[in-house]
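Before anything else, here is the set of structures, which you'll find just below.
Each of the two complexes below includes subunit A, the first together with subunit B, the second together with subunit C.
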Partner chain A sequence: MQATRSIRLPRKLSACRLIHNHSILRSSDPSGRTTSFGFRTVPEESKESLVKGVFDSVASKYDLMNDASSLGVHRLWKDSFVDTLKPGRKGPLRCIDVAGGTGDIALRILDHARENYADRETTVEIVDINAQMLKEGFTRFKKTMYHNTPQVSFHEANAQELPASQFKNDSYDLYTITFGIRNCTSIPAVLSEAYRVLKPGATFACLEFSKVNNPLLSTLYDQYSFTVIPLLGTILAGDRDSYQYLVESIRKFPSQPEFAQMIRDAGFSTGGDFDGGAWTDLWGGIASIHTGVKI
Partner chain B sequence: MSQARSFVALAASSRSSSHAATNRKSRSVHTIPRPKPAYPGHIPLTPFENGFLAVGSALMSLIDTRRADMVAACGETTAGSTLVKLRDIMLESPEGRRILKEMPRINSQTLDLEKLRSLPENTFGRAYVGWLDTCKVTPDSREPVHYIDDPELAYVMQRYRETHDFYHALFGFKVSALPELALKAFEFSNLGFPMTALSLGASIRLKPPQRARLWGEFVPWAARCGSHARCLLTVYWEERWGQDLDEMKKELGVWNPPAGITIP
Partner chain C sequence: MTTTSAKLLKLALPLIRTHGFTRDALSLSVLSLPTPLAHPLPDASVTALFGPGDDARRTLVHAWLDDAKRRMKEEAAENMGIGDVLKARLRSNEPVLEHLPEAFALLASSSPLPLPLLPVDPTPIIKHAAQVSNQACWIVHSDARESSWYTRRASISAIYLAAELHQLTSPKTAPAFLDSLLENAEQAGKALDETTLFANYVWKSWRGIVKSSGVLV
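Up next is the complex of A and B:
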């Protein structure tokens, strides 16, 4: 039985480091490959640090901005997501919530298991590459009953390279990643790590912004995204550029069928390529839940 | 001096907007086509965005009075034709014309603070440095202009923002809420920016005695003094470091405010 370590985050993060994955700050090894950072094209090596800069900057206002820019709807999406997964229905789960920073999903998983199935054995390991986001999550969890219990723990690590000594093969019952995978440099690498750490028969679940196919909704959504959201970032957080990046990164993410194929390429078995199969659209495709099972 | 012409000079150079879709690979990306920025830091806004930011920044400035970037954004989005009027007033005065031609900037690189400290006591330059030291302010705190489309008008706005501290020094205003609002009232009277009038709305956050003093003593002073004085944007402050302070006030047509909000 693996001892889940709960990390005590110090007030000043500079005072001591968390479990630190050396590959987070690996030296740049120019490969000549490029990737997208929003609408910009950047060397692959720099995307990680650019994204780090964004999330260091938005962390303290992240939850406020989510509420403001989605008018609270993100809460409905996350509730739907966890309700679909029904954690705890078939017994306690060992969950890993990646890019889980501020703890929205982890908290919902633990609450769902507790409220519906009187389950206090389900655990969630929250993994995030960004220490500032983890700090926000840790602070939020201090206001809950799960603080200082084995049910939640926080780990700083890179979703593309989870350290094998700590995140062993075939060890988790549920892998979730919410609004995080589009910020990763290599989606296939993330999916491949997810496949590695999940037990056979276990579920991969991703909630992410996706493609809106209805042209009218799409136009309105684009207008809103590119005019209102950067302004909300300016007004509420004093940071236009980070929110400009975030709305651009949504447009660069693969469509529902493309992402479903990538999930299958990593070895998962998914439903059919239609809404209700490999994915379930929320609000017309503004967000979408993709699931897969490790066979 | 490379800073001097940064607004207008860079308007001529082609600089692709970071907000337009630069990656034209596989799929067409829906985005709002924006005009190219006219100067570094320029963010062109549509009328709707301008209105949204005007309202949002006004509210945010009220909620969190420390958000200088929101006060700046409010000033820019509500400026309307004020900048055109001010630019024309500057063009009518020889000193103002010199400012528009040379476009001087005010920050710790363009100012020689040590030299100013060595000036005689009652000079403008010495008063300015004394005010910086007393109030623990630096000349570098000003947000750059983002939302004014014309580069020359953007410079006028930037000049206003950077010379605001000189108005502090001229009267010796402290940097707390009451003196700042008194100064905003003076600026409305002298320069006419709608934001300066709007900012008086923040007086609801003052304690009642302070509010009473603001409206009872300082706003009347500001209204009379500001309208009597010459337009302060036509003053080339950097040419006047050695000028005697009292003589300067007489020349500009200003006089000291009632007591209580100035540094000793």
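Up next is the complex of A and C:
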């Protein structure tokens, strides 16, 4: 395996990737920090194990459930995401795909560069905290032409604290994170690391579930999310609670303007606070593409 | 528009002369920062800050038009006539004249409707001419009131648009063409005013005749 197991993180730090939810709340809890786990508030220390439990439970059926719960639409969103970035258009890029264990985005980036611009020099480093997901991604890549080439590598690491020795400052042209950042304990920490590893002028791009602004669509979406998705979880993965939690974590994610502000707070420059500026809504805001530039 | 995007757009304006209204001009703008970046912005970063595809170019066109409008006000001197103000505005087109047809084509192709329904949307061009006209009237302290406020601006918009179109094909004769249009418009305006005045007299006369005949009593 070409995967580089960067480091084994201490338990208290391994809080990203398939961890549901992000917002850090302060409370009078004697242990200090709390965070949300779906609609529940839990101590930060507990969240990691809870979320790990969730994703250990769903990992083997992750792709199947994504297809079933989104009716395959997540594939269109990912295509649109990569198409927006146009990797390889102006020459090879060094990309880092964080929380990208299953290799969905990395494969699309490499295919896009190769098919559209005959670019076989663009590289993607796939980073994930979950070794099982990386294993899934590695297996997927073995079926492609990129296996055993310098174009792809796998790294087990925490998005909130990428090891500086391996992920050096100012070293990447493109940072992508897809349906992963809401699962991190601290979004600001992830953004700060993204800012650190990107070159000046480079792009941060995030595809994440977001807020639906149309009231009618929002009602339909809520009904679908809270009834159909947990039911599918029960039927396809035998696990209702994990999918109930997944839906709740989506609702807890910041709205588009709030997340855009968080990106700016990390030091990035963005477009204006409107759809088509700092973010691009997909399907009325069910998901959004957020971008920022390190200048 | 965030501060950084606005700053980069401003830095991209001088590059239009050599690179046109292109994504390259936006990309190269970072090389003119007080602390310049080592390389031009990658394509994905241009998209992130200014929009995908031609949207980024349209952002640059709008920035240039806004800058030209701002300069109209800054460069206006006391006692300038409407012709002088419009000629000054035409002069600001000259450095980028070869790129203007493409810029206007970009604006006209930004219709929110699908192309087969509305292949060319003239609204942005009309809006551009209206803004120039409004700015020019504001600079010369036009004393038009009520309906003439609108007719004055509408006629100047049309005149400016025609002169600008003429400028694209014949830059040297554009000022004279503008003068002739303004003169004709003035004569047409006078004729219209006189006709209105005469019609008013006729109307008042007939009303007096009818009243004195006692028909309406």
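Convention: the second predicted complex is superposed on the first by the 264 of 295 C-alpha atoms of A that agree within 3 Å, B and C clash if a C-alpha of one lies under 4 Å from a C-alpha of the other, contacts with A are read in each partner's own complex, and residues count from 1 in each chain.
Going forward, a residue touches a chain if its C-beta (ideal position, glycine included) is under 8 Å from a C-beta of that chain, and two chains touch if they have at least 3 such contacts.
Predicted model only: the values in this text are computed from it and were never measured.
Aligning the two structures on subunit A places subunit B and subunit C side by side, free of any clash.
In the superposed model, A:117 makes contact with neither subunit B nor subunit C. Shared-chain residue A:219: touches subunit B; no touch with subunit C. Contacts of A:283 after superposition on the shared chain: neither subunit B nor subunit C is touched. Taken over all C-alpha pairs, subunit B and subunit C come no nearer than 27 Å in the superposed arrangement.
Overlap of the subunit B and subunit C interfaces on subunit A comprises no residues. Touching subunit B in their complex are the following residues of subunit A: 36, 39-41, 218-219, 222-223, 226-228, 231-232, 234-236, 238, 240, 244, 248, 251-252. Those residues of subunit B lying in contact with subunit A across their complex are 18-23, 29-32, 43, 46, 48-49, 52-53, 56-57, 60, 67, 69-70, 73. Considering their complex, residues 84-87, 89-90, 93, 173-174, 200-203, 205, 264, 269-272, 276-278, 291-293, 295 of subunit A touch subunit C. Subunit C meets subunit A in the complex at residues 1-2, 4-5, 8, 30, 33, 37-45, 47-52, 55.
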